[in-house]
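Pasting the structures here.
The two complexes that follow have chain A in common; it is paired with chain B in the first and with chain C in the second.
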Partner chain A sequence: MKQRITGVGLVFNSVKWLLLLSLLAVALLPLFWLLVSSLRTNLELQTNPFGWPEKLQWENYAKALSMASLPRLLLNSVVVASCAVILNSAVTAMGAFILARERFKGRDVLYTLLTAGVLVPVISFMVPYFSFITKTGLYNTLFALILVYTAVNIPVSTFLVTAFMKSIPRELEEASVIDGCGFLKRFTVIILPLSRSGLVTAATFCFIYSWNEFLMAMLLTSSIESRTIQLGIKFFSSQFITDYSSMYAAVIITIIPSIIAYIFLHDKIIGGLTAGGVKG
Partner chain B sequence: MMKKTKLLAVLLMLCLMTGLGAQGQVDSGVQKEVELRWASIWVGNDSKAPAVEALVNEYNAKNAGKIKVVIEPQPDYNAYEQKVRTSLAAGQAPADIFTIKFNPTTATFYQSNLLMDFSKVMSNSWKQTFDAGSLEQSTVDGMLKSLPMETAILPIWYNMDAFAQAGVKALPTTMNEMWAAFDKLKAAGITPASQMTGDTNAWTSMIWFSHFAVSLGGTNVWDKPFTDPAFVEAAKLTKRMITEYSTSDAVGLGAGGSGGHFLAGRTAVFSNGPWYAGRADLAATPFFNSIKIAGLPAAGSTKDFMISRLQANICAASTKDKAKEAAILDFMQYLTSPASIARIAETSGAMFAIKTDYRPVKALQKQFYDVASAAKTTAFDLEAALGAEVTLEFAQQLGALALGRISAEEFCALVDRKIER
Partner chain C sequence: MQAVGTHRSRIWGARALFLSPVLLLFFFFFLYPFVFTIATSFTSWRGIGLMKFNGVANYQKLLGDPTFRKALGNNVIWALSQGFIQVPLACLVAMILVRKPKGWRMLRTVYYLPNVISTVALAMVWVAIYNVEGPLNAILSSLFGMEKRNWLGNPDTALFAVIFQTVIYIGYFMIILLASAMNIPRSLYEAAQIDGASTFQQERHITLPMLRGSLITTMTLAMAYGMRHFESTFLMTGGGPAYATTTMGIDLYLRMDALRYSEASTAGVFLIVMGTLVITLLRKIFGSSDPMSEMAQ
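Moving on, here comes the complex of A and B:
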C-alpha cells in the first residue's frame, strides 16, 4: 500500500535531501576540483583556478609517472604500509590479549603507559628514531619505515584492540578452557577471530598513517629505492617553482589505492568503528 | 589460510629484499672507491637539476673507480631543513655534501663541529673565484662552514605593455610618479600590482616591504629594532600597496596566485627572482618581450641599491678520513669552478656567487645581470636577514595590517617580538 506523503513530510524530505546533497558536494567537490586541475596546464591553473581545461592534459599523468618514479614509490608504499599493518596487528593483538584478558599486577599502569603514547607528538621522536635507525644500519631501507610506522601506531592500536577484546564475554574463554584450550589456543582460536572487527579498525588507522606519512620517510630515507609515494608528490615542488598540474596528477594516482581499499573494506571498517563505539 | 600465509611470506621477503638492496647502496662505499652522498635540493622540477645531474655524471665518469658522487634528492625544502636539524642534533651530518638556504636559522648549523670549516682548507686561488661579499656573508664568527653558491636579486617586474595601455611611457623614478602611474593603470582597468599575504613568507609583498625598508632605513636597516620608524613607514607603504593598488584577493593569497595575476595580465607590476624568468608559461604571455626589470623608486634617502640574497649554500661533513676529505674538496672545487657554474647558469637562468664571464643570451635573464651590476650596493631581503620565524610572523600579521585590524606600529611591534637578540 502506498504511503501518502503529507505537505510537512515533503518539506522535511526536501530539506533532508538538500542537506545531504550539500554535504556530499562539500565532500566531493575538492576531489573533483583536483581531478579537473590535474588535466589542466599550469598557466590555466594560475590564471583561472576554477575553470575547465581547454584541452585535456593527459601528459600530466605521464609526467607524474615518469618524472618522480611514481610506480617504484607506489610499490614501496604498498610494501611499507602492508608490512607495517601486518606487524602492528600482530604485536597489538598479542599485547592487547594480555592486557584485556589476563590479570596481573601493574596491568593498568602498563596499559596507561602504552596508550599514553597517543598524546605524544610524533615530531618529538624524530631525534631518537633517527639515532636508532642510523646506528642499527637501517637508514635508507624500507624496513626502517616499517619498524617506525609499526611502533608509532602501537598506542592507538592497543587502545582500540584492548577495548574490543575486553568486551568479549569471559564465559566463552572459560568454556574453551573446559574444552581443553591452553593459553595459545585461547588467543588464536577464541579471542583473535572474535576481535576481527577491532583489529580491522586498528589496521585501517595504521594503513592510513603509513600511507600518508611524509616527515619520517623524508628523515629516514635518501634514495628512490626506499622512499614512499608521499615524497614523490613533493618532487614537483622545487625551491621556487611548483608544477601544480603534474603534482595533482600524482595526487590522483596516489589516492586510487586508498579508494580501492576502502571500496573493498568499507563494510569492515565501518563495522569495526561502530562496534568499537558501542562496546568500547 | 594457506594462501594468506603465502601472501604474508611474499610481502616480508619483498620488503627485506628491497630493504637490503637499498642498504647495499650505502655500503658500496666500503670498497676502494670513495662514495660521496650529496643531499641536493637542485632536483626534480628545479631548473638547475638537469645541468647539475650532467655535471655529476661527468665527474663520476672522469673519476671512475676513485670517487663516486651520489645525489640524494631532497624535494621538499622545509622538511629537508628539519632533516638537517634532526641529524645534526643526533650527532651526524645529513650527508657528505648538502645544500642549505643560508639565513639566520641555518647559520645556527655553524655551531656544529660536524661541518667542515672551509676557511681552514680553501686555497687562495679557489677563494678568489667567489664573490668576496657573498663569502663574507657566509662567514659566521670567522668560520666558513658553507660555501655561497646560488645568489639572487629580487627586483620589480614591470609589464610595459600595460603601462603603455594606461598612457605611461617610462618607468616611474620617484614615489609620486609611481602613485600617479598606478592611478592611471587603475583608471585603465588594470590592477597595478601583485601583492599577497599568504604562504609562510608573503613572498611578493615581503620583497616590496624590503625595498621600502632598505630605502628608508639604509642597507643596515635589518640591524635596527623592527619598531624603527623606517619599518613603520615601510609597513604603511606596503599596506597602501595592498589595499589600494592590488587585487581584492591579496589578503591570504599565495605566491602561485600572485604570479598568476601577473601572468594573466591582470596586474602590471610584480616582484620575484631570476628563476621566474625561465618559465615556459611566462614566455607564452603576449607581453613577455615588454617586461622591464628594475628597482623600486626610492621611498627614502637610500638609492641605487638592489635587494639580494644568498639563495643556496653548500656544506660538507667534517671527516677524519683524509681520502674522503680530499674527495669532498675535489668535487666541491669542480662544482664551484667558473666553467661548471656557467653551465648551470646557462640552462637555469640562476645567478651565482662564483665569478664567471657568463652573460645570458636571453633578454629577460640578461636584464637581471645588468640590474645586478648597475646597483651600487645590495641589501638582504627580510627573510634572508631575519630568518624564517620572523618572516612567518611578518606574513601572518601583514594580513591583519591590510585588513585594518592592527596599526603599522602594532604590526612592527608584533614582528619585533620574534627577533632573537
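Moving on, here comes the complex of A and C:
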C-alpha cells in the first residue's frame, strides 16, 4: 500500500512505530531486566538495580543450582509437566478420535459439554479440588498435580485435537477399512499419525500451563518433595534472602523451558490460538 | 461407514473404552466440582464434620461483607478495563500489523511471548518496577518531577498498578484479531481505493465492521478473564493494601485458608455467575456473532 509522504502521513507513521516499538519494549524489558539482575552482584542490586553490571556474575547460576532445594523443585516440575502432557495427549487423542471420526447419537452434545469447560473459571473449584484430592489421599503428591493439570487442559485439548481430526479426509479411513483395518488400526495407523500436528499444538499449551501453574500447586502440595519450581521461587525465597541475585538466576532457569518451547513451537501456538479463542 | 456397523456391540465397547478416560476426568474435575460448589454454598461447612443446610445465609453474609463487595467491584473494574482498554489496543495493533509493516511476523511472535512466561517470574519484575526506588519512579520524577510513590503499597494506586501490568498480555487478543483481519478479502480494499476512500475510511468502513465478530469474541474472553482474575494480583499484593486490590478469587482463597469452606464455595458461585453474566450480556448487547466469529470459534 503506497502512501504519499505528506505531513499527516509522516505523523501517522511515527505514531504507529512509536506504538509498535513501545509494546515491543514492554514485552521484552521485564525479561531483559530479570536476565541482567541475575548477573549482578548483590551489592549492585542494592545500589544500582537498573544499571549495567560491572562484571557479569555467571557464578550466580552455579550458586542458585547449588541451593539445596532448587534441583529437587526443578525435577518435580519436569516430572509433573511431562506426565501431564503425556497423559493429557493420550486421553484426548482417544476421546477426540471418537468425537471426530465416529458417528453416533449424542456425539455433538458430548463435544459441546467437554469444550464448554473452557467457560468455567477453574479457580472457583478450589474447594472441591482440595477436598477431592485430600479425600483420595493424594494431597501433597506429584500425582495430584499431574491429575489436575491433565484434567484442566481437557477442554482446550479436546477442542484443538477434535477440530484437527475432523479435517482428515474420510476417504483415507474408508480405504483402510476396505483393506481390513479394524477400529484400533484405524486409530493407530491412520488417524493418530495424521493428527500429530494438532496433538503437538495441544501438548504445547498443556506444557506451558503445567510448567507455569501456581495456584493449584500452592493449594494441593505442602512440602518440598512435591512442590513445583514456581512455588519454590515464591515461598522458598527465604533461602535466598541474603542472595537476591542468585534468586533471579533461579527465576531465569525456571523460564528457560517456556522460552525454548516458545522458540520452537510458536507457529503451533499462534495457529492454535487462531483456531479458536483458547488460552494457553 | 458401512463396514463399521457389522460388529455393533464390539464397536460400542471400543468407543466407550476410548471415551471413558476423558469423560471420567471431566466428571471428576468439572461436573462434580460444579455441583459440589453450588451444593456446599447453601450449607455451613468447615471442611470437616457434617454439612448443615443453612439456606442463603452465606449469600447474605457475602453480600453484606464490605471485603467481598470490594472484591466484586474490583472484578467489574478488571473486566471493564480488559474489555474496553486491552481489546481496543490489541485491535489497533492488529490493524497496523495486518498491513504487514517491516518485521510484522517477528513483532507478532514477540508480543505473545509474555503469555508463556510464568506469572510468578513476571510478578517479581513488576514488584521491582513499582518499588519506591524502582525505575518507574525514577523515570517519572526525572521527566515530570513527580514525587516518588509506593505504587503497590498505596491503596489509591495499587489497583491501577496491578491492572496496568496486564498490557504485556495484549498479544493474546491481538493474534486472534490479526488472524481474522487477514481473512478479510483484499478485493474489498481495492474496490474502496478505486472509489477514492482514504486509509482511515477503509479501516472505519471495512476493517472494523468485518472484525465485529472477532471483537465480540475477544471482548467476551477478556471480560471473562477479568472476572476470574487471581494470579498476578495475589503474587504482587496478596489483595492488599487494605483489600484495595482484592478480587473474588483472592477472597475465595482467603476464606478457604480460614477454613470457611462453604463461604468459599459461595464466592465460587459468584465467580461462575459473574462470568456467565458477562458472556450472556455481551451476546445480548451485540447480538450473536456473525460468520467471521464462527470461523474464529
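One rule holds in what follows: the second predicted complex is superposed on the first by the 193 of 280 C-alpha atoms of A that agree within 3 Å, B and C clash if a C-alpha of one lies under 4 Å from a C-alpha of the other, contacts with A are read in each partner's own complex, and residues count from 1 in each chain.
Please note the rule applied: a residue touches a chain if its C-beta (ideal position, glycine included) is under 8 Å from a C-beta of that chain, and two chains touch if they have at least 3 such contacts.
Keep in mind it's a predicted model, so treat the numbers as computed, not measured.
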Partner chain in contact with A:F130 - chain B first, chain C second, else both or neither: both
Touched partner set for A:L215, first chain B, second chain C, both or neither: both
Which superposed partner A:V189 touches (first chain B, second chain C, both, neither): neither
Which of chain B and chain C A:A175 touches, first, second, both or neither: neither
Chain B versus chain C as contact partner of A:L31, first or second or both or neither: second
First (chain B), second (chain C), both or neither touched by A:V11: neither
Which of chain B and chain C A:I260 touches, first, second, both or neither: neither
Which partner reaches more residues of chain A (counting touched residues only), chain B or chain C: C
Contacts of A:L56 with chain B and chain C, given as first, second, both or neither: neither
Contacts on chain A seen with chain B and repeated with chain C across the two complexes: 49, 126-127, 130-131, 214-215, 234
Chain A to chain B touching residues, read off their complex: 41-43, 45-49, 67-68, 76, 79-80, 82-83, 86, 126-127, 130-131, 134, 137-144, 146, 214-215, 218-219, 221-226, 231, 234-244
Chain B to chain A touching residues, read off their complex: 8, 11-12, 14-16, 18-23, 25-26, 37, 39, 41, 43-47, 49, 70, 72-77, 79-80, 82-83, 86-87, 89-92, 95, 101, 256-257, 259-260, 263-264, 266, 273, 275-276, 279, 281, 284, 311-312
Residues of chain C defined as touching chain A within the complex: 1, 3-4, 10-11, 14-15, 18-19, 21-23, 25-26, 28-30, 32-34, 36-37, 40, 47, 92-93, 96, 99, 101, 107-122, 124-126, 128-129, 133-135, 138, 167-168, 170-172, 175-176, 179-180, 199, 217-218, 220-221, 224-225, 227-228, 230-231, 234-235, 249, 252-253, 256, 261, 264-265, 267-269, 271-272, 275-276, 279, 296-297
Chain A to chain C touching residues, read off their complex: 1, 3, 16, 19-20, 23-24, 26-28, 30-31, 33-34, 37, 49-50, 90-92, 94-95, 97-99, 102-104, 110, 113-114, 117, 119-121, 123-132, 147-148, 150-152, 154-155, 158, 173-174, 177-178, 183-184, 187, 208, 211-212, 214-215, 230, 233-234, 251, 254-255, 258-259, 261-262, 266, 269-270, 273-274, 276-277, 279-280
